[in-house]
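Labels for the chains are A, B and C, by order of writing; each one numbers its residues from 1.
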Amino acid sequence: MIKLESIYKNYNIGEHNESEVLKNISFLVKENDFTILRGPSGSGKSTILSIIGGLIKPTKGEVFVDGKSIAKLPDKFASLVRQEKIGFIFQKFNLIHELNTIDNITIPLLPGKLSRLEIEKRAEEILDDLSILNKKNVLVKKLSGGEQQRVAIARALINRPKIILADEPTANLDKKLSLSFIQIIKELKQKGITILLASHDPLFSELKCVDNFIDIQHGEIK
Amino acid sequence: MSVLLIPEVIILFIEDFLLLVFNTIAVVIAYRIQKDFNINNTSSKQYSLEKQTYLASYIIKFSLYLKIASILFFVFTLDKLSTIIPGAMCAVGVTASSDYGIYLLLFKILNIYLFGFWLLLNKNDMNDESYPYTIIKFKYFLFVYVFFLFEMTLQYLYFFDINPQELVSCCGTVFYEATTSVVGQLTNIPNEISLPIFYIVFLLLIITTIKKYVLLNGILNLLFLVIGIITLISFFGTYVYELPTHRCPFCLLQSDYYYAGYAFYTFIILGTFFGIANAFIKTTVGLSLNYCKFSLLFNSMYILAVTIYPIRFYIINGVWL
Amino acid sequence: MNFKLVDFTLKSLKRNMTKKLSVIFIFTVLVFLLVSVFSISSSIKKELLISVDSLPELIVQKMSGGRQTLIPVERAFEIASIPGVNNAYDRVWGYYFFENVNVNFTILGLDFDLETYKKKYDNIIEMNSDIIDTSNTPFMIAGKGVVEIFNSYYNPNYFDFIKGNGKRMRTNIAGSFSDESALETNDVILMPIQNVRELFDIEEHLATDIVVRVPNPEEIDVVKQKIQFMYPDCRLVSRQDIEASYQNVFDYKSGLFLSLLIAAFVAFFILIYDKTSGLSLEDKREIGILKAVGWQVENILQIKFIEGAIISLFSFSFGTGLALFYVYTLQAPLLRNLFTGASYLKPEFDLLPIVDLQVLSLIFILTVPIYIMATIIPSWRAAIIDADEVMH
């Protein structure tokens, strides 16, 4: 489902402050696998996720998402892959606070061809699954941390992605909410979604349902 | 008093000046891109170029829409000027009041086609992951820009050249009497010759569309455009006005004739545009598109619309004009 | 057009209203100025054209040494016999300068018994027929504006004209009239022809000019040529010429105004460019989020365009509404002085309310595309924001 081949990422190429953030990263994530990218902050995990999501282009190497090579795709098509196949959950949730819940989660589908009704229907289904349907019209900034997290997850799921990429999803949560998050992830895996999660939270190291751990340090796989 | 202080003319100049500025930005980008663009390159320069393609496309797209609105505005302005310039009864006289007039109008129409071709190329380019036509479309734009400059220059020359003190001729003389101008000569081709050519070309269009002779279809569309306008002025138009001596391409746009002109021109321009565009894209990038069908549709609507008038006249009156 | 995106943009605008206020303000002010000036101009032009409308098709003036002189009355009969000419009248009229108020009255001589050349004067004569006495003392029927002037500056009952030879001619104010066009009533005085002849010292066989009625517009040029041939010393002014010259003057003034405004347009453009360029951190973050969840550069360009369209359309409508209110309800204090020169009388006239669609579409075509063009580059800059950079 996800394949990286000799990925390198350098910033400020040719300048005096050139930095090599990723060095020769190669790995494979099989379909429906739950994989954890482990490593301390700054090790390059977020960069890897961004590259897989098509938000960053690698300096060298190949990236395959669901069989399709995306490293050299122009922005338009990379965005299309992202929109159709990937759901992104960010560390800081990255929700639009001035909008309400349902407006936030429907954003990914707006440019597409689905009608407003269909989109709303889907949104309500997902909100219901995540038990926050009653917060449908509440402004996000008025929600609690745990509720905001569910909104972030809901947004990542609205386009029925095959892959979920999560970047330090539990970094701002307490243990209870973290466990609740893990529960949701387990349910997603059961639905057949491939999950790649970057985290240095020790909570994940103890999980039994994880299929694979990839350790990253200083931009390289250990 | 010069024509230049008429508000409409000032507005035209302001907007065209702005268009010039923006299209110059676009052409600079176009130059850079056709020189260095390489989709397989992963350097930051390439990404910067990719971003710049968006700006250039936005500008050119906007320019086309503005130009379409602007040409209508231009025709209205000419019509308004006809009340000020002695002898001119409608926009035709105003166009003829300066040698540059007819060329300006032709260039304006031509450029709408040229910009339109670019947009079609762009659409097809952006729908392919490898952006296959990016370089060629921007090379093409360099060429289009030159025509655009011509148009701007002609416009400037034209409005500075109009002298509201000078008497001009009207459609009566421009199109009817034996004149030495190319336009006059074209519209003086006897109807016995031009009408059959008109219908024959249309039949050929049908054939080439069915048989998918794309290049031939494109050339025929060009021919159809020319002969279509000629017959409109010298034959079909007279049945709209119900006056055999009234040969005027502009009066059709007025309310007296239920704005029929808008339908005519829209149909024939859309029809010939798609036909020519199809051939253009085939020859420049080798892409086969299916615009011939649209072309045929609009051209058919054109022929239907114009043919109705003489037939209706004959049915009601029992004679031809 | 993706309506979901329009919806999103609307919601977004509601959230960011305060930031957009400056842009809306600038645009509204510009539209307000333009619509006001052009409306005042159109309004005055319409008034003039109303007055022109009732003018005869042709006016024949005798020229000598490039100046207008009195024309022999018998020419009217000769002209009347030209085919196509319905009728030809001689006119006796002139200007009288009233020093105290610094105005020129137009004194028109009418034969109160015969059919006159302007229908409306027939009506006035009928309306005031009971007042019109056939005494030998001079009398006048004056426009409402004139009567007001006399009331304020002279005498409500009579006026003493001073003839060329210095003698006074006391003229009774027998009645007044008002007209659709305020410009007419403000300086016109109707008097019996004999009195006008006396006032201006015009002999019996001469007239100021001759008025020709040619009902068929197609024949005007031919008649014009014939009269010119008959009397080479004449100048012929057709109604069409007058209309065209009014059109010219107004276009000229409007054009002048527009040219001056070019400086304002440049400022407008720069301001809009500047205002829409400044993306706050919050804005950038939002665009980053949109792109991160799958929006393409084109989608961002789309919403920026929709935003521009909504703002410009709203500001245009608002500015136009304000301007029309200002011009027609408030009667445009301050701005109207741009157009009314010394040739018009002190008594203010009302601006006729007309919503001239042509003018509005002109201003629309001028302002909205320029606004959108000013937002092209800022929109693009927003659309190419690197999603990754703003989120981490």
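Quick note on the criterion: a residue touches a chain if its C-beta (ideal position, glycine included) is under 8 Å from a C-beta of that chain, and two chains touch if they have at least 3 such contacts.
Just so it is clear, the structure is predicted and the values come from calculations on it, not from any experiment.
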item	value
Farthest chain relative to subunit C (centres taken as mean CA coordinates)	A
Chain at the geometric heart of the assembly (C-alpha centres)	B
Which of A-B and B-C has more C-beta contact pairs	B-C
Subunit A-subunit C separation of Cα centroids, rounded to whole Å	65
Centre distance in Å when subunit B and subunit C are each reduced to the mean of their C-alpha atoms	36
Geometric centre distance via CA averages, subunit B-subunit A, whole Å	50
Multi-partner residues of subunit C (each touching 2 or more other chains)	297-298
Subunit A, residues touching no fewer than two other chains	75-76
Residues of subunit B defined as touching subunit C within the complex	1, 4-11, 14-15, 18, 22, 51, 54-55, 58-59, 62, 66, 69, 73, 83-84
Subunit A-touching residues of subunit B, taken from the complex the two chains share	39-40, 42-44, 47, 50, 126, 129, 131
Partner subunit C, residues of subunit A touching it in the complex	46, 50, 53, 55-56, 75-76, 79-80, 82-84, 86, 88, 90, 92, 94-96, 98-99, 103, 107-108, 110-111, 116, 119, 155, 159
Footprint of subunit A on subunit C - complex, ascending	2-5, 7-8, 11, 15, 285-286, 288-299, 302, 387-388, 391-392
Parts of subunit A lying in touch with subunit B, wherever the complex brings them together	13, 57-60, 71-77
